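What follows is a single structure, written as C-alpha cells, with notes after it.
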C-alpha cells in the first residue's frame, strides 16, 4: 500500500462500488409480491409503478456508478475532504431505495405524485451537486492525474454542471406537473448514458482497437 | 489504472460480482420463518416451495456468475455500450429475488403456478438475451482479447445462443404445463453448470496440472 | 487475467467474500426492534434470543470466512467442479440468516427449540461437509499450490474432518437435549477460532516477524 | 498470494469493506415509507427521527471505515487474533442498523429516548474499544509496517484512545440527558472526520501535490 508514488484511491472505489451495488440491489425489496396468488397476473400488472421506479432508479444508479468511475479514474489522491464528500454522496445514493419506494407508492395510490416526484428529483439533484463539489475540490487542490489534460477536465466539468441544472429543472417541473418532471428525469438518464466526448470508456487501450471498432459501426 | 496496454474491465467485474452476490444472498429474505413455533417442524416443512425457489434461483445466479466470468475474461475493453448493457443485465439479475418470491408464493398457495413459472422463465430468458447481445457486440467491435481464438469464441457463441433457445422453450412449456416448464429450467441449470468444451475453468494454468488431473478421474 | 502461470482464483474469492459478508450483515435484519417504546429497556431485554443467535451465527460465519480463506490460499486453480461446489457452499451460508431467525423465534417462544437447534446444527454440518468435499477434490485433482507441503495439507484435512464430526455430534446432541447441542456448537465456534498449528495466519511474512512476536507473548 | 515478503491483509480489508458498506446501506431499510400517500408531505416530515438516525449513523459508519483504513494501512500481518478481533468489530458495526432503528422509533414515539441513546452510544463505545484492542495488539506483537514511525503510531494511539473516552462520556451523558448525549456523539462524528495530524489521507503522494494544495486554501 506504500512505496508506489502514484496510486488510485482503491479502497474508496471499492467501498463506493459496494454501496452502489447494494443500493441498486436493495431496490427489489421494495417490490412486494402480490399477496393473492389467485389473480396473479392481475396482481403483477398492478405493480407497474414499482417496476417503473425500479427500472429508472436502477439505471440512474448504474449511471452514477459509471460517472463515479470516470471521476475517480482521474483523481490521483483522495484526502480526508474527498473521503468525507464521497461518504455524503454514498449516503444520498443509499437513500434512493427509500425515495423509489415512495414514488412507487404514490403512483400506485394515485395520490401524492407531486411530492414523490419532487422528492426523487431533489435527491438526484443533491447527488449531482456533491459530484460537482468533489470534482471542483479535486481540481482546485491539484489532486487530478497528470494524464488528464485541461480539455478533458473541462469536458467533465461541463457535463457534471449540466447534470445539476438538468436535474434541478426536473425537480421544478415535477413540482408543477409530476409527469413532466418524470419525463425530464428519464431524458436525463438516457442522455447521461451516452459517452462523454473523448471519454475512454472503461479501461483498456482505446487508442487502437476501440476507435477502429467505433469507426466501423 | 493507466499505462497498461491491456487491462481487464476490473471495476465492471467488481460491481457485477457485487450485485450478483447480493441478489443471491437476498433470496433468503423471501423465506419467512414460520410464525408459530409450536408446530415448528410442520411449519418448516410447509416452506418447501420457498426452499425450491431458493435453491434453483441460487444455482442459476451462481451459473450466471460463472458465465459472466467466462465472458468478461475474454473482453479486453468495456466501452459505454457494454457498461450500459451490463447494467441492464444486472437489473434483470437483481430482479430475481422478486420472481423467486412470486414462484414460492404460487406453489405454496397452489394457485397461479402457470403465471409464476412463466414470469421466472421469461426473466431468465431476458437475461440470456442480454448475455448474447453483450457477446455479439464485443465480437463485432473487436473488443475481445487476442488470446481467444475463433474456435473458442464460436464455442461460447453457440453456448450462449443455445441458452436463449432453451430458456424460451422453458417459458413456453411453463405456459402450457407449469411443472414441465420447471423441469426444463432445472435441466438448463444442470446442463449449464457443465464446463464449456475447451474452457479453462477459473484462472490458473490448466495446460499442465488440470488436464492431467482431468485425465485421471 | 492470463499469461500468468500461477494465479489464485481471485473472482471466486471475491464473490465468496461478498456472499459471506452479506449473509453476516443480513443477520441483523432478523432482530426486529421492539414495537413499543414505552418499556424499551424491557423490550430490548426480551430480544436476548435474537442477540444470542446473532452473535453465534456471526462468529460462525466469520469462522467460515477465515477457513475459506485458508483453503483457497492453497488452491491454485478452480475448475468448474470447484466453482459449483463453492456455489453450493455459499448457498448454505446464505441460508444462515433464516436458520438463525428460526432459532431466535423458538427460544423467544419457548417452543420448538429442539427442531430449531437441529436445523441450525444440521445446516452447519452440511457446510462443513461441502468444505471437506472441496478440499478432498482439490487434493485429488492436484489443484493445490506447491507451496503447501504434505504435512500442512494433512493438518487442514484433519481439521476439516474433525469439524464435520463435531458438528454432527452437535446436531444429534441438539436433537436429544437442545441446550447441550447449543453448547457443543458454541464450543465448536470457540475451538475453530484457534489457529491451525503451523498455519501462517493471514498473508504477510510469518517467517521472521510473526513467529518472533508469537514467541514473545 | 505468496512469495511477496510484505503484503497487506487484503482479504480482511475486503470483507471488512463489504460488511461496512452493507451495514451502511441497510440503514435505509429501517426508514419505512409512509403508508398513506394522501398526506405524503406530512408523512415524510414525520419521519425526521429516521432521517436523523440515518444521517448520523451513516456518517459514523463512514468514519469507522476511514479509521479502519488508516489502521490496516499500517498493519503488515493479520494473525488469527486480529482476524477474530476484526470479526468482533464487524459484528458490532453490522449491529448498527438495529440500534439506529431503535433510536428512530424512540424519538418518533417520544418515549424511551434515554434507553435508545444509551444503547447507541454504548454500541459505538464498544466498537471504539475493539479498535483500541486491535491497535494495541498489533503494536505489541510488532505487526505494524516499518514505514510507520513511533510518532505516527502514538498519534493514532492517542486518537483511538480519545475516541473511547469521548464515546463513553456520550453514553453517560445520554443516560442523564438524552439530548446532551446525542450532541456529544454528533460532536464526535464531526471531530473524527477531521484528519489526523500528519496523516496522509488516502493513498497517493501527499508529499508534493496535496500539502501544496492544502497550503493554498
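Labels A, B, C and D are assigned to the chains in the order they are written; within every chain, residues are numbered from 1.
Simple rule for what comes next: a residue touches a chain if its C-beta (ideal position, glycine included) is under 8 Å from a C-beta of that chain, and two chains touch if they have at least 3 such contacts.
Predicted, not measured: the structure shown is a model, and the values here were computed from it.
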Requested in this report: Could you tell me which chains make contact with subunit A and subunit B both?
Outcome: none
Query raised in the report: When subunit B touches subunit C, do the two copies use mostly the same residue numbers, with over half shared, or different ones?
Result: different
Requested in this report: Could you tell me which chain lies farthest from subunit A when each chain's centre is the average position of its Cα atoms?
Outcome: C
Query - Separation of subunit B from subunit D, taking each centre as the mean of its C-alpha atoms, in whole Å - result: 36
Report summary line: dist(centroid_CA(subunit A), centroid_CA(subunit D)) in Å evaluates to 25
Report task. Give me the residues of subunit D that touch two or more other chains. Result -> 8, 14, 18, 22, 26, 29
Report task. Once you've mapped the touching chain pairs, tell me: line, ring, star, complete or other? Result -> ring
Report summary line: Within the complex, subunit C is touched by subunit D residues 1-3, 5-12, 14-15, 18-19, 22-23, 26, 29, 76-80, 82-84, 87, 90-91, 94-95, 97-98, 101-102, 105-106, 108-109, 111-112, 115-116, 119, 140-143
Query raised in the report: Any idea which subunit D residues touch subunit A in the complex?
Result: 8, 13-14, 17-18, 20-22, 24-29, 31, 33-34, 37-41, 44, 54-55, 58-59, 62-63, 65-66, 69, 73, 145, 147, 193-195, 199, 201-206, 209-210, 212-214, 216-217
